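What follows is a set of structures to go through.
Across the two complexes that follow, chain A remains constant while its partner is chain B and subsequently chain C.
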Partner chain A sequence: MGITLNFSVILTEIIFVLISSLIFLIDKFIKNKNYAFYITLITLVLAFYIVLFVPFGEFTYAYKADFYSSVIKLFLVGGTLLISLISYSYLQYYVNLNSGEYYGFLLFSLVGAFLMLSGMDLVTIYLAMELMSFPVYFLIALNYTYYRASLEGALKYFIVGSLGSIFILIGLGVIYYFGGTFLLQEIFNKLAQNFYFKEFLIGFIFLLIGFSIKLSLVPFHMWAPDAYESAPVPITSFIAGIVKFAVMATLVKIILIGFNPLKIEIGEIFIPIILASILIGNVMAIKQDNIIRMLAYSSIAHAGYAGLGIISADYAGYSFTIFYMLIYLIMTIGIFGILALLANYKRELLHIPSMASLCEKAPFISFLILVFMFSLAGIPPTAGFIAKFYVFMSLIKTKYVWVALIAIIFAIIGAYPYLRVLKVIYMDKEPLEFYFKYDFAFLIPVVLTALLVLLIGVYPKPWTDIIYKTMYFYISSLFYYS
Partner chain B sequence: MPSLGHYIILAIILFLIGLFGFLTRRNLIIILISIEIMLNGLIVLFAAISHFTKDISGYIIVFFIIAMAAAEAAIGLSLVVLIYRRLRTIYSDEIIHFKG
Partner chain C sequence: MEFLLNNILSLIIWFPFIGILLILLIDKKRETLIKWVSLITIIIDCILSFYLLANFDFSKSGFQFVERKRWIEFINSYYFLGVDGISLLFIPLSTFTTLLCILISWDSIKELVKEFYLALLFTNIAMVGTFCALDLVIFYIFWEAILIPMYLIIGIWGGPRRIYSAIKFFLYTFFGSVFMLIGIIYLYIKFGTFDYTLLVTQKHPFLVEALLFLGFAIAFAIKVPMWPVHTWLPDAHTEAPTAGSVILAGILIKLGGYGFVRFALPMFPQASLFFSKLILVLSVIAIIYAGLVCLVEDDLKRLIAYSSVSHMGFVTLGIFSFNPIAIKGAILQMINHGIVTGALFMCVGIVYDRTHSRSISYYGGLATSMPLYAAFFMVFTLSSIGLPGTNGFIGEFLILLGTFLANKTMVVFGALGVIIGAAYMLWLYQRVFFQELNPNVAKMLPLKTNELIALILPTILVFWIGLYPNSLLNFMTASVKTLVMNLK
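Then we have the complex of A and B:
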């Protein structure tokens, strides 16, 4: 078996890197800065088709395009498409941010997520994770012209993120010392023959520390609210939605392909981390007055809910983890799209008590906020309920009933911060000055995500089916190799 | 002729020096230098393992880590320069806008 250099497999990444480099090159010479948005939009629509038609296959040992990674790439491209639409309407009001670099960094970060999803090698996954997170530091720091403290948030994210990458490297060192390889497939073969169980587990714990810094799980969550508040609003949805989705999908992939024989022990390691993140995320969200900080703490809790599927150590549970992150991606894009509109016309509205009687000035927007808040809290006709339901069901099926019970109690606590926003909007009466007009680039992403939330809440079967099928292909490929 | 154990001890000592500086110092430049020291300890670890097991992939990741450390230093320094120009400080205990 020789090394194959099949360039058609990595066509998407090549196109993305070329186009974002092009944006960086020509940005100096073009006066009208909206050109970068159109280039990005065309690239992403093109990428949608390319990801659909790219052949599956390997590019050396380090990269493999398969069904799982292609499906998740499709979701990521769709999410970034909607986020770039939100960015377009946001940047019309925050003109100093409106430069080609904004979209160039967005595309570079997406390339990193793609490479990370299809990496078959821990080194590739590490490098791609760095490529994904470096542009995000700059995107947070770009906001300093409007909000001086945003430099502090970027610095905190940078320092914590570099510490996380060091921890990933320690994990790689431990795995390389005992196993002598970085390839996920060979790690699986060594583990299947009962070599070095404990040592690989220690290496995985170090990897997990690095990944949970990116996912903002609990002992490493302190950067999240500051970084989220200091970023521009569309970038916040990028960090919370796209980056977390890609990291969680990669974590599931590493467990499935590489550390599959260890998956029960890994689930047991996850129990305290996940329960603590759900509890702390929900409790800290209660006392926040800034709605973006509130959503940052809730995103800590939501990463925790998604991790419940990993505890169950079951292939269906893993697919429900991915499903939960997909739903969370949809909800984040919707709610941050609305917040971007509010910030465009009146930035004080991001403070929760000043949102009072928004329902009289903007009934449609208030209704959309209601849909997304119900979905985040997990109330039945919405997708958030279905996602939580599946995750808890997979836990109960695998005999972790007590974990499911504790998590459900924490989820009830977590409904308060969302319902408080609705109470302020619909029940408090205060005079409010607020004028706005609907915008094409705002309406498409927000209405689309609201419809998706309601649709998946009523009829979730095709989405869970496609995600479960990707898992099924992985499992069958594992049996084929070993 | 030093053995693999010696190199691993050297790597651990370098890493702990970096971690100590990272946790105790308040100057942002020193924090960046500490991150570089930790990465150098890891480079020593990978190169030593690769040398003693006659396996090439350790050397490859060494080059990747060097490039990644350079990129990280560039990002960190540009952030620190921007912070010094805007907030007039480079001490981490004076940058206290966000609380809780």
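Then we have the complex of A and C:
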């Protein structure tokens, strides 16, 4: 079997790289900075189309466009589309964030995510992860003109991220030493023949550390609140939604293809990490006064809930992990879209106590916040409940009832921070001056996500079907044709 | 007509949604229009629910008006609704209570009017849905969805300590129901279905059954609320606006009792028998303890809130004596308590709107300044005590009679609770309405039309059920008989 160079398979990534390079090239010469937004928008719509129609296949051994990666890419493109809409209105108010660089980096980061999702060997995945992360560091640091401390956040994220890379490299070294390969399929074959169980597990633990840093799982979470707070608001939703979604999907894929025989042990390793993430994320969120920091801690907890599906070591559980991340992506885009609007008109409103009596000045926005907060807390009839319900179901199915019980008790603690935001908005009475007007770049993403949250909460069937069937086809294709 | 009868449960549940959509379209400044829209919506919903009563065939014990549509096939969950004799009466009670709430808060809610009526209609949807649901996932979704509007109603329009109470209420009930969720998921994993009618027929090993029972019972006991976990109730009832208290007393705490009869008993019969002694003791403690608290309480609303704890003690006493008479009494007592306590809270709300004081010592001699109001209050007080001729008597009598056949010791203590009940209610009435006229309440506005209607409606029911209880008991006879037969 020779190496295939089928460029049509990798077309999306090529287009992304070319266009973002083009943006960097011409940025200096164009006065009207909105051009970058339109280019990005067109690229993303085009990418949506291309991902749908790109043929499945391999590009060398390292890259493979298949059903699973294509479906997830579609979600990522959709999410980024909404985030770039939010960014458009955000950049009207924060003009010094150089919009050419902003969108260029956004696209570059997305290329990284795509390559990572399609990567079939660990080195490609590692490099793609770096490609995804570096633009994000820059994007956080771009906020320097408005928020001095953002350099600190970016640097912290960078240093912790580099630490993660080192761990991944060590893991790669261990795996290569014992297995002599980086290809996921080969690793699977080696494991299936009962070679080097323990050694591969150690290698995987090192990989896992690198991945948990990107997922901000405890104890590698300390960068999250600072980085989230420092970044421009739409970028925060990019970090919390898109990056985490891509990393989680890749992790699931690595476990599915490469380390499948080890999945029960991997699940057991996950238990303390996940429970600690849920606990610490929820407890630390209680006292935060800055809503973005609060959401940062809550995002730690949510990554934990999503990880519950991995504990269950079951294909349905993995698909529920992906489903949870999808719901979290939707909720994140929505809530950060609202926060971007608040930040546009009055940045102090990001401080929770100063949101008092927002419901009188902006009833519609307050209602949307209400929807997202109840969804984040996991109260029916919202999508957040359905997502939690499924991961708990997968846990109980695989006899981890005690994990589910502990996680669910932590979920009660986790309801408080969200209730507190609502309490301030609806129940505290203080004079508030706040004027704003709606624009489409705000309304489209936020209303769309709010509708989705309610719709999935009431009728989740099509969405779970998409994820579950993707997983099902993927697994059957893996084990029947390879 | 055919269509109406085939889909009547869905219609009753989702009809207020039309009202919600209409209200959303109305500008928030046009408050009167909003009120009228929500009133008319609820009146139609109420008529629909009475139409349901009229078409119910009470000779059958199974579920009627069943609707079953695909919802999430993937986990074998259906949109499955149906009513039998146990759940039927709660549906008109819910719509009727919401109607009273809208009437009573016509003038007393002054800020964020639009949001208030939206929240009330949403509560109605969730309440009726909970009583109709036969699929456990649907049931859980409706059950939890009530928390959202109730949290807002208590927290936004409540009294001085509203925020503390709202959050306490939310976290307390949320805590309880997640254990039920685990139980529900466990049942699904074991039997592959969320269908109530199938799950009832399953048998479990005793230990599993006991654990499942405890999981469900925590959720229901907190909602009821039973004795050690009742502390959210006085706060929530006291701080909620009048409408909130009426819904809490009228429907929300009935959900706990309903849950016991509908889920805990038939699904886990051995465990229910095993734990019945414990629950009987807890009920008796609730009856007597809450009664004693009422004797020393100076806050009108808090007193009535504690009296709810005491009355709900009778309900759990009746349910866990496993006697058809007592169970019928318990269900009837829940209906009665919903009507009477709701009415008492409305009475308190009426004077609170005028004086802004809930302290008993603030009042005195109110009978001279508001004679008509005093008469209504008297009716509800007597019904709460359980005077023959009123509905309260029928419920308590049936419970005590049934429990006497099963467990004599408990009845002695339970009957003691009746005496304490008479003591605190009559003493309350004496302190508020008789004695010397307190200058604080010398000049009071007479009752408004909406308040008058809101008081007349429950008064009619008090005497109707009190004088001809068979009209309600007939509905549940067959279902309760099957329930008790399956228990033994």
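Here are a few things to note about the model shown:
We take it that the second predicted complex is superposed on the first by the 479 of 482 C-alpha atoms of A that agree within 3 Å, B and C clash if a C-alpha of one lies under 4 Å from a C-alpha of the other, contacts with A are read in each partner's own complex, and residues count from 1 in each chain.
One rule holds for everything that comes next: a contact is a pair of C-beta atoms (placed from the backbone, for glycine too) under 8 Å apart; a residue touches a chain by one contact, two chains touch by 3 or more.
Computed from a predicted structure; not experimentally measured.
Of the two partner chains placed around the shared chain by superposition, neither chain B nor chain C is touched by A:347.
Legend: residue contacts after superposition of the two complexes on their common chain; A:33 is shown touching neither chain B nor chain C. Residue contacts after overlaying the shared chain place A:176 against chain B, while chain C stays out of touching range.
When both complexes are overlaid on chain A, the residue A:151 reaches chain B alone and has no touch with chain C. In the overlay built on the shared chain, the residue A:409 is in contact with chain C alone; chain B does not reach it.
In the superposed model, A:461 makes contact with chain C only, not with chain B. Contacts from chain A toward chain C in the complex involve residues 359-360, 363, 370, 374, 379-381, 385, 389, 392-393, 396-397, 401, 404-405, 408-409, 411-412, 415-416, 419-420, 422-423, 426-428, 459-461, 464-465, 468. Here chain B touches chain A in the complex through residues 15, 22, 28, 31, 35, 38-39, 42, 45-46, 49, 53, 55, 57-58, 60-61, 64-65, 68, 71-72, 75-76, 79-80, 82-83, 86-87, 95, 97-98, 100, going by the rule given at the top.
Put simply, chain A touches chain B in their complex at residues 123, 127, 130, 134, 137-138, 141, 144, 148-149, 151-156, 158-159, 162-163, 165-166, 169-170, 172-173, 176-177, 180-182, 225-226, 229-230, 284. Interface of chain C with chain A (complex): residues 28, 70-75, 112, 114-115, 137, 140-142, 144-145, 147-148, 151-152, 155-156, 162-163, 166-167, 170-171, 174-175, 178-179, 181-182, 185-186, 188-189.
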